[in-house]
Every structure is written in C-alpha cells, then in structure tokens.
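Presented sequentially are two complexes of chain A, the first with chain B as partner and the second with chain C.
Then we have the complex of A and B:
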C-alpha cells in the first residue's frame, strides 16, 4: 500500500474575516478616546502599539476616508475648546494662554501623527489629502488664529507690545518670538498676511509721526542720530523676535519715513544742515549722513549736488572778493586750504567716494576760472615758495606743496597764460639768484612736463641750460684773462638765448667806466669764440654787490640792481647830485630811475641815500646825498628792486593781449590739421574738434575760431562748399 | 552813385593830365585812344556811356561789363569788348543801345543776378588788392540791391561805416547774398549756429541792440 502523497502545498492562510459591522466604530472609539486623553495630558497611560495597530487596521479595511473625516471632526472639537479657553484669558495672559495651547496642540499633533503614520503614508498620498501634521496646523490656523475674535486680538496685542517697546518699555521678547514663530510655522503667507503687512503699515505711520515731530524740534545732526538709533532698534527687533525676511522691509519703511521724506528739509536746515556740516568740518555728522543716505533713492546724488553748489558758491565769492585779490599768495593759499578741507571731508566722511571727488574737481574747475588772474596768481604762489626764504621748510614739505599746486594747475582753463607768467617769474628768480633750491625748481619743471608735455617746458629748461653754460663761459673768460685781472670789478655774466627767455624791451643805461671796460672785454672774449652772434647787455635785469664805506665809518656790502649801481657810483665823484643830473649821467628811463631812487632813499632801513626835500615823490631839482648816517645790523644789505609782484592793469592787458595773439596761430594750425584729415567738415564740428584739440592749453573762443576760418578762406586754405554753405572744404 | 562820382572826378583830372602828355591821340571808332590801342580806358568808357545815352552810374554798365567779363571797372580790353558784344548779340552801338532795356532786366533774373553779383566783387576791386574797399563796396551794394528791395540795405551800410571801417573780404561779399536771399528782414529764421561770416553775426547783434528787430534769444 503506497499512498501517493501529494506534494506539500502551502496554502494561503485564510483568516476568517469577520466583517464585524461594529469594527469601525469600536476602532474609532479607541482612537477617539486616545486623542482625548492626549489632549488632556494623559498620554502616558496609552499604548502606542495598540493605537497604531488599530489605525493600521482601519486603513487596511478601507476605512481611510471615514477615519480621516472623523479625525478632522475630533480635532476641530478639541480646538474649539482650546479657543474658548484662550478667548477667556485676560489682558497680558492672552498670549501666554495662546502659547500654552499651541504647545499642547503641537505635542498632541505629533503623537497623533505617529499613531496615524500608516494612514499618512498610504491613504493620504494616494488620495491627495493633506498630511496629518499639516492638517493639524491648518485646523489650528482656521479655528484659532483666524477665528474672528482671536485674529483681531492677536494682531492688536502684538502691535501694542511692539509699540510699547518702541516707546521705551520692556516687553516679553521670548513670548513674542514664539508667537511669531507660530505664525511662521503656519505658513509664511499667514505670517505675512496676519502680521507682517499690518505691522509694516502701523510702523510706517508711527515713524511718519515721530519723524515729523523730530524734524520740528531737532537739529540735523541730532535727527540723524535718532534715525540711526531707530534703524538699529528695528534691526535688533527683527533679530530677536521677528522673521529674518522682515528686516529688509522694516528698514525700507524707516528709511522712507525718516529719511527719504525729509531729505530736502534736512539738507537745507539752517545752521545745522549739510552746508553747515561742510563749513564746520563736522566729520561725525557727515559720516552718519553719508551712511544713512546710501539707502535713500538719490540720497548720495543729492548730497553731491548740495556740496557742489556750495563749493562753487564759496569758491566764487573767494575768487571775486576784491580784498582777496590784493595778495596773490594768500589767494592761492586759501584755494589750497579749501581743497585740503574738502579732500579731508571726502576721505574721512565719504569713504573716498570717486564720484564725490569728481564732483569736487568740476566745482573747482568752475570757480577757479571765473577769475582770469588765477593763472598769474598761481605762478606767483609757486614763485614765493621757490624763493630763498623757504630754507626752513624741508625738501619734503616743498614737494607736497608743489604737488598740491599742480592739482590747482590742472583745473586751469588757460594753461598757456600760466606758462607765460611762469616763464617771466622763473626768469626773474634765476637772474636775481633768488631761487632757493635748484632741485625744487627742477622738480616743478618735471611736474609741469608730466602734466603738459615736452613743448611746455622745453623753453624753461633752456633757461637752466643757459645759466649753466654762462657759468662755464665766465670761468673760461677769467681763465683766459688772468693777467688783466687787477682791481677791475669781478663780473659774472649770464648769457640768455633770445626766445627761451621772456622778451624785455631793453633800454638805455650808461654803465660806469670800470664796469664798461670789463664788460667790453668780456664781449670781445665771447664773440671771439662764438662768431656770428650778437650780444646786448640787459641792464634792467642785472645785479651788483658794492662795498661802501659811509661817512660815519660803517662799512657795508650792498646788493643792488644794475641801475642802482650806476646811480651810486656817481657819488664816487660828487657829493650832491640833483635828479636831473643823475638822469643825464645814467640815461636810465625816468620811470625806472624814479623807482630806483625811491628804493635807495625812501625805504626805512635801506636808505643809503638822502633826499632833500624829504617828500615821497621825486622832482627834477631834488638833491641826493649819500646818507652818512646809514646804519644796519647786517654787513650785507639787500636793496634789490622788489620781488615779482602781480602786474598792474596795463601790464596785465599787455600780457593778455600777447597771449591772445599767440593763440591765433595755434587755432589756425588746429583748423588746418583737422581739415587736412577730414577734407570736408561743417562749422560746428570744426569748432568742437578745435576746442578738443586745444583743451590742454586753453579754451578757444568760438568767435575767434570763426574769424580764423574766415582768414583761412581769404588765404585760400579753405573754401565753403558750393551746395551747403555751412560746410568747409580743404584746399590742397 | 557816390563811388562813380568820385571816380569820375579822378577820371577828369587824369584826362587833363593825359591831354597834356599825349598830344596826338586819335580815337578809333571814337572810342579807342591810339596810345592804348587795345584798351578802352576810363575816358573811353565815359565816351561809351555818352554814346549809349546812359548815365555812367546806371547798373546796365555793370551788366554789360559782366557780359564782357571785364577784369576791372572802367577798363575793357579789345578781346573783352568784342567777345562781350558777341555774347550780347549785337554788332553796333545802335543795336547795343536798343538792347539796353533787356539788359537791365537781366538783373531781375535770380540766376543771372547771382552771377552778376559775384562778378562785381573782383570787377570793382582795385588792381592788386584782395579785398574790396569799403566805400566801393557800399556803392556797389546800393546799386545792386536798389532794384531788389532789400529792406535792411540802409542799416547794413550804416553798420559798416560805424562799426567796421575795413575792406570787405570775398567770403563776406558772397555770403551777404545768401543772407539777403534766405534770411527774412525780421531775422526770425537767423540761426546763430549758421556759420555766417563774423561780420554778419555782428550786424545781427547791431540790429538787435538798436531795436531794429525783435529777436527772441
């Protein structure tokens, strides 16, 4: 008996599914009660495993939807209870109660979620329902936070607390923080709609009111401090108990209400506004203003324009003040001081902002050129610094000063006028031996060359070369004629190449015989080695050192001009001379002679001559004597004619006239250059191009340009176009 | 007008001198002195005007000179004279006399006027000069614009005498015609950027300053 055994089959285990009609209700009751316990802080007595399983089975047996519905219902019920409790809270306890209930709800929600985890992972996603936790938050939101009473009360409470804090009271910040965090947890749109937007609105009106009050009562600097304080406060507030994204928004509100809306009024405040700050170098206030107004639209550009018009205005009154024009060196010093002042402001308070520097530059350019004597005065200033007498200042200081002067130079429109004056003044310095330091002179020259190019300084350098060569020539002269020396006066000759030096009209002068003979010997020597050249003595530019023994026994060495020397030498053969006699003997032009005699006889401490009568002006029959009572503390006495001064009116007109004449060929050359390249060009374009080309030297007048064009037409360099009369054509 | 009168004075004076110097001049055709057989000079021109029954100051003389492409006022070379007669289309003095009205009318023609105007500058110039003497220029302008009715002619001449007092350049001469043609007497369409010669800019300023025109700046 072999019974065939069937292979073992594993059959699915079949439960006896009991569709217990009461299955759902029973299960649900378990959960429902559990939830209740959870909300009543009695969770410890529950079995997580059992509850989980219950929920699991419910979902498994397709009771998901109902479970979900019931969950909503139950939670809503509990939330309603909570709501009542919160609403009942009085005064300050409101937020605390809210907070407490929120914590409770959160804890409950976590547990509920854990219990219903299976549903969360299966039913909910497939049916696109809101997850349990999020559902819990939504319910909280709808039942509590957005319930009509609580919504309003919550917002007002928060805003009131913030207001109190702004007014100086201390509030419970952690409570605030947790409340706003709650709102954030409910969703950023909840935070924004229910809190942030109204918060910003209320803040705007708060700051609007406060700013209005402050601006009526505070000076500008004080106001700015308050504004800064408020900004700092708000930033701290956000950091402490608001959402980070609010920072930008509340800052914008404060900036708008406190700064933007009052910008004009603040800047223009009398006695404390921007202008006052600039004038009085209030660096702290200016720094604050710069930093605060960075965030204001057009803030910086408004500061810039206020500064610019102020600088232009004060500059303008400086350069047009007749009092200031009396002393050129002082005039320029003030300009330099002004520049220093604003450079400091920009570097200390405005963070070296490039656009401010540019604004300053254009302001200076504007007012420096309002006074057409600026080029002359700047040259006089440099002259003053480069003369002897600056010995106490060391090399470095002089360098710094010169660099600053170069900045002013750059602002000049009429650089060619400056060049003319600089040449004149340099010549006087070099010839009178009053240049303090060769190095400083050369350094200045290098600066000018760097700025303006080689042509500007080539002639000036020629002057230095001439002097060096002259030294060598004089040495050569004495080397060659050593035997003749004897007691002839020693001469030192400076041979100036015409063209490098400013032209001076040379006038007559009869040299004393001793001088004449030695100078003629020199001329012979020079022409011996330099055939074909012509030498003309410039008697109006020389100096002499004379040893004098006065009647009272005092001996001195006088440093005088050539003219003065001629006059004094006359007294070697006469005790008394009238003006007429002196004029005849020396043949010096009257204007110069009078000035010369005045400097010899009428200047206290230098009156080596005596005049009768003692009046100031010189008439033909005045008598002159050597002043035998002359005394001086120094052995060597300088009675040279005065240093360079600013020109008199006629001299000024003369110089300007010469400069204008010099400009004409430059303009013509520019026109020809341009037309040669472009062949055909219209009038306005020519004017623009010419102005651009000549800009480093001077600003050409469009009328002068027009006249030059007409002159070039006349001379057949250009012609008008036959069809368009505004165009010109280059004629090869 | 004024200039021809002064010129004629000089002519008469030189005529007297010439009479003394050259005792035997004959006139070919009653016009050409033997001495300068190839030139009609000043007195010849005056004779010509007589024959044509025309005032020497009549503008038609300018027109005729233009036809002849005469180089200088009151002087005609043989070539210029005969070529000119040919271009006018006549071969006798009588025919020329008949043609006078139509010649005078040529001034009215815009195109011809421009040519005559520009021709006049070199023609009225002193020999060897680049510019036109002011007095001569003023005389010419009065002559030329008399028939064209330029309202500002008087102001222009006055302005020149008061403010300028120098000779007139060719550019100024030719640009003035443009000015007369394009700019209305109230200067409403005058443009400062219009590349007008400097003298004309000054003229506009002069008119404005003296209230002759109302310009909106």
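Then we have the complex of A and C:
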C-alpha cells in the first residue's frame, strides 16, 4: 500500500466573522447618543475607550463614508438647536450667547475629534475629506455665523459697539476680542469678509464726517491734536480686540480721511496754518505736523515746499527793504537770526531731516543773491565783529559767530566780490590798528581757506606777514640810527607789498619838513638793505600823534590822519590860513582836503580848528584859525579816522567795475582750458562747463561768456568750425 | 599765370595760339590806357575813368564783383596780373565786350558757391590798412547794402537800422560779417522763429534779434 502523503499546510486562523447586519446601526447609535451627551455637557459618564473602539471598528469594516455622513447630519442638528438659542437672545446678551455656544461647540468638537481620531487619520485623508475639527468649524460657520439672521445681526452689533466706543462710551472689550478671535479661527477670509471690510468702510465714512466737522471749527494745531488722538485710539483698539493685520488698514483709513483729504486746507489755514507755525516758532505743533504727515503721500514734500516759498518770500522782502539796507551790520544780523530760527525748527520739530536742510539752503541761496550788496555787507559784519571795542569780546562767542557767518558766505554767488571787500576792510583794520584779536583774524582766514582754497587767502596772509616784517624793519632802523635820533619825530613804518594790499591811488601831499627828513632817512635805510625795490609813501593811509598847546593853556595829544597832521603843522608858522593857502601848501587833493578840514573844524568836541564863516561848506576864501578855546576832558583826543562804511554809490560802481574786469581773464582762462581739453565743443556746453568751473568764485553771465569767446576768436585762439557752425574749435 | 606755357603748348593749333596772343595783347593794351605810368597800376583815378567808360557808377556792386573776378588785393588799385586774369576769364578784351560780360558775371557771382567766396572778399577788400581786422560801422552798413540788398532787402534794411542805433560795437570784424550772411541764409525773416540764441551766433546778432522782437509792436 503506497498512499501519497500530502504535505502539511499551515493556514491562517480565520476568525469567524460575524456578519451582523445590525452592526452599523448598533455602533452608530452608540456614537450618536454619545455626541448628544457631549453637547448636553454630560460627557463625564462616557467611556472614551469604548467609543474610540466603536469608531475604529466602523472604519475598519468599511463604514467610513456612512459614518462621516452621519456625523455631519448629527452635528448640523445640534448646531441648528444652538442657532435657535442664539437668535432668541435679546439685545446685549446676543454676543454673550454666541460666545457661550461657541465655547461649547469647541469643547464638543475636541472630544468628537478625539473619539473619531482613527477616521481622521485613515479614511479622511485617503478620501480627501475635511478633517473632523475643521469640519466642525465649517459647519459652525455655515450654520451659525453665516446664517442670514445672525450674520447681519453680528456685524451690526460689532459695528455699533465700536461706534459707541468712538463716541466715548465704555464697551465690553473682552467680549469683542473673543468674538473677533472666533472669526479669525474660522478663517482669515471670514474675518475679512464678514467683519473687516465693512468695518473699514464704516470707519471711513465716520472719520470723513468727523474730520469735516473738525476742520470747520478748529484751528490747525487743535485739529492735528485730535487727529493724533484718533490715530492713537484706533491703534489701541486693534491691540485690544482686533486682529493685528487690521492695524495698518485702519491707520491708512484715518490718515486718508483726516489728513490727506484736508492737507491743503490745513497747511494754508490763516492764522494757524503751517506758515503761522513757522513764523511763531510753534515747535510742538510743527513736530506733530511733521510726524503725522509722514504717512501722507507727498506730505513731507508739501511741507517742504510751503516752508521754502515762505522762507524765500520773507528773505526776499528782507533783502530788498530799503530800510534794512541802511545798516549793513543789522542787515546781516537779521539774516543770521533767520538762519538760526529755521535751524532750530528743523532740529527740534523736523528731526534734522536732511532734505529739509537742503531746502533751507537753496532758499537762502536764492534770496541772499537777490541783493548784490550782500557780499559787501557780510564783509562789513565780520569787520564789525573783529574790531576793537566790541561788547561781546568773548573769544568763544566770536568763533561761533564767525562760523555762522561762514554759512552765509557759502550761499553767496559772488564770492570774488566778497574777497575784494574783505581785503579792503582787512587792510583798514590792520593799518588803523583796529583789529581786536590777531587770533580771531587768523581764525577767520583759516575758515576762508578751508572753504575756498589757498589762492583765496594767500594775499590776505601776505598782509599779516607785511606788518610783522615792518615791525622788525622799523626796529632795525632805530637800532641802526640811534645816534642821530635827536628830537626828530618818531616814526613807525608799515611796508605794504603791492599786490597783497588793495590798490589805492596815491595822491600828492607835501609833508612837513621834520617828517620828510626822517622818512627819507628811513627810505635810505630800507633801500640799503633791499636793493632794487621802490618805496612810495601812502599819505592817505597814515596816522600821527601830535602834542598841541592851545592858546588857553590846555595841552593835548591829538591822534590824527597824515593829512590832518600836514594841515595842523602849517599853523606852527601862521595864525590864519585861507583854504586856498592850505591847499597850495599841502598839495592835498581838494575832496580829501575838504573832508579833512571839516573833521578838524566842524565836529563838536573835536574842533581843534576854527573856521570863518562857520558854514558847513568850505569855500576857497574861508579862514582857518587854531581854536584857542578848545577843551576836552581827555588828554588824548582822537580826531576822526572814520571806520569803514558801506560804499557810496560811485565807490560801489567802481568796485563792481573792477570785479567785472577781473572776471574777464578768469572766464577766458576757463574757456581756453576747456577747449584745450575738448578740442571741439558747442556753445551751450562751453557755457555749462565754464559756469561749473567758476562756480566757487562767481556766477558768470552767459552774455559775457559769449563776448569772451568772440574776443578769443578775434585773437585766433578759437575758430568756428567750418562744417558745423554751431561748434567752436580750439586753435593750437 | 604763365603766358609762356600757353604759347609753347604743342597741341594748340597754330591759329588759335595766334588768336590767344592777340587777345592778350589787346588786354594789356587796354590796361595801359587806364594805368598810371609811374606806378604801373590802375589807380583810383583810373578806375573812375574805367567806370565812366563802362557807364557804371564806381560805387556799383558790379565793380566790386569785377574786383573779385580779378582777385584785386588792394582797394582802388589794379595790377597788370589782376587785370589780365580778370578779363581773360570774362573773355573780354575791349570795353564793349567787358560791358556785355557784366550780366553773366553778376549771375555767376550770385551763385551760392561763388557768393560764399565773394562775400568775405568784399569785407577784406574794404580793410584799409594791412594790420586792420575790422571795418567801421558806417562802412559796414554801406557794404551790406551793396552786397546783400539784392537778395535780402528786408533783412539788410533792418540790420542797417540796428547797426546805426546800437553803440555796443563801433567796428565789425570778419566773424560778425560772416555771421550776417549766415543769418540771412538760415533765419526765417521777419518771423525769426528759428533763431536760437543758445547757438553760436555772434553776440551782435543776438542783440539784433532782441531789438527786432522788442520793436515788433
């Protein structure tokens, strides 16, 4: 017997599956009842483990879809019930009820989610269904928040509360917060669509109305305060109970309605607008305005342009006012004050904003150059500060003032004109011994050198050197000729290098013999050590100290000019002299002689001479006598060396003429330089380049530039290009 | 110009050479009828005579054109060479032929290419001394009238008015002179629409245009 043996097979042990037709219904009932209990706050009696297992099995046995559907149905049912309860709430309790139900729903949802966790993780993702929790939120959204009644009522309630708060009432902020949080939890689009958008719209019309009201009734500063207050309030509102992203949006709304829409009207408000604030230095209001209008499009640029035109206008009226032009020092002081004022405003209220600084600079540049005497006046101001006998002789003060003056100097277009005047004034200061402090003078020079370069100040420095050298030379002279000093008058000589000092036409003058002899001795001494030089006495610039004994016995020492000395010495040999005689004897030019005689005879307290007749004018046959009745409390009497004054009209024309003449070669040099480099160039480009090159010194007139070009063509430095007559060509 | 080259040219037929040399002789002869014996040149007096024979006033522009044709260097004087070259190109060896040649000469000179040369020549011709580079305003006005009024009557009238009126300039230099021609050629008159003072026009013309515009009313 051979029977085939079958190999043993091991088969999986199969449980006997209970195909219980009632399996689903039984399981579902368990869950359905549990959910109901959960919603009824009765969850404590439930077994989480059992419910979880039930749901687990349902999903395992492929009942996922049905479970899901039923879940939706059940929850919807509960939500409908909640809705009715919320709708029934009266007045202020509406939000509270809503909140309460929301909390309940959230708690329930969490538990349900936990129970159905297995479905959440398996069935839902594979079938691309919404997760349980999110489903719950969606259902809440659709059944509660967006149900027709509640939707409208919710929005209106929120907006009404906000409106009340804006009008000053106190509202329940935490309730607001939880409500808006609920909306955010439902999705930012829900928050935006159902609340934020309408909120912004309503706010816009609220602020539009309020601003209109305010602007009719408030001054600018007051209005700005209110606007700031509202902005602060809205920011706080957002922080307290709105979503952070709303901050930017509501701020934009307030800014637009309260500020942007009324910008022009605010700025130009009479008696309180921007111009008024500037004029009266209202720093607080200006700071507020600057800060508020930062957010307004073109806000700052509009402030800047209003400020600029105001500064230009007030500057212009300042420099063109004929009253102001009478006192140059006061004129410049006012300019400095104006600059200080605006510097303060910019630093205190505008946060030192650079673009405002620049706007101020260009305004000053504009109006300072409207008056072509500005260079002269600024030099006179500096002269005033650097002279002896100044009230605020404190060196630090002077330094500060000079720095400020330098700022004004930078604004000048005609710096070369300033240079001419500064030289003149400096010369007078140095020669009359009127410079208060050598240090201050040098400090000013350094500042000018830093600004304009070495060329500007080299001649000025030469003036200082000359004086120092002259001191040494005079000492040397007396050291060498100590023997025959005798009773010759003592001289102190200042030797000025021509070219460093402003040119003065030297006129005739017959020196008294005593003076003549000692000055010739000096000349001989000097030329002995400096061969090949030429010395010319500048009789219109010297001073003399004379001891006088008057007929009434009073003795005085008079400090006079050289001319005055020549006149007075004549009276050592004559009691009475006519004008003609004096003119003949001294050979001083009539204009100067008349002025000199006037200062000796017609100035009260200084009338060392007597004139007959006593009239102001001097005619050729007027008689002059020594005034024997002269008295003065002081032993040393100074007779009028006049301080520099602003020039008379003819002098001014003369100086300007000289400056224009000096400019011609500078312009030509610039043209030649440019053409040498560029070879061929058109007219406009030449003008632009020349202007650029000469900008540190002066602003050349295009007509003058053209004239110089034509002169250069005539002298064959340049020619017109033969093919293109718009161009010029450099001729080597 | 070398006469000898013409004569020794082997390609010239004998007959023509003879005719040419005859012409040259007549030209020379004509020259000597006007020339001053001591200087060997036609002088101002001689020119006046020439003009009366030509029946043209000596201030007429055609005499100036003739001077240009001849290449005269000095105003009021004609050298033999200058005479020869001028008459030769005009193909004239007698007064009547010369007179007949005038209309064509005028046409020729007014052609733009020749006029560009004639115009500065007129200026140089008026410079009285060697070193001088400018002519006085009254002379300039007259010259403008002579040279440009045929073509540009309205501009010349206004320009003459202005030159007499202004006192920035007492003389006119070559650059300004050339500027006048350029002005007449390029600028629409009397509207002056296309005048741009930022271009490289001489300053005197900028001022002229400004004056014109100011006086339009």
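Simple rule for what comes next: the second predicted complex is superposed on the first by the 682 of 732 C-alpha atoms of A that agree within 3 Å, B and C clash if a C-alpha of one lies under 4 Å from a C-alpha of the other, contacts with A are read in each partner's own complex, and residues count from 1 in each chain.
The criterion applied here is as follows: a residue touches a chain if its C-beta (ideal position, glycine included) is under 8 Å from a C-beta of that chain, and two chains touch if they have at least 3 such contacts.
Please read these numbers as outputs of a predicted model, since none were measured by experiment.
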Chain B and chain C placed together on chain A: clash or fit? clash
Could you say whether A:683 touches chain B, chain C, both of them, or neither, answering first, second, both or neither?
-> both
Per residue count on chain A, the busier partner among chain B and chain C is C
Going through chain A, the residues touched by chain B and also by chain C turn out to be 682-684, 703, 706-707, 710, 713-714, 720, 725-726
Within their complex, chain B touches chain A through residues 130-131, 169-172, 175, 178, 193-195, 197-198, 201
Contacts from chain A onto chain C in the complex sit at residues 682-684, 687, 703, 706-707, 709-710, 713-714, 720, 725-728
Given the complex, residues on chain A that touch chain B span 682-684, 703, 706-707, 710, 713-714, 720, 725-726
Note: in the complex, chain C contacts chain A through residues 133, 173, 175-176, 182, 198-200, 202-203, 206
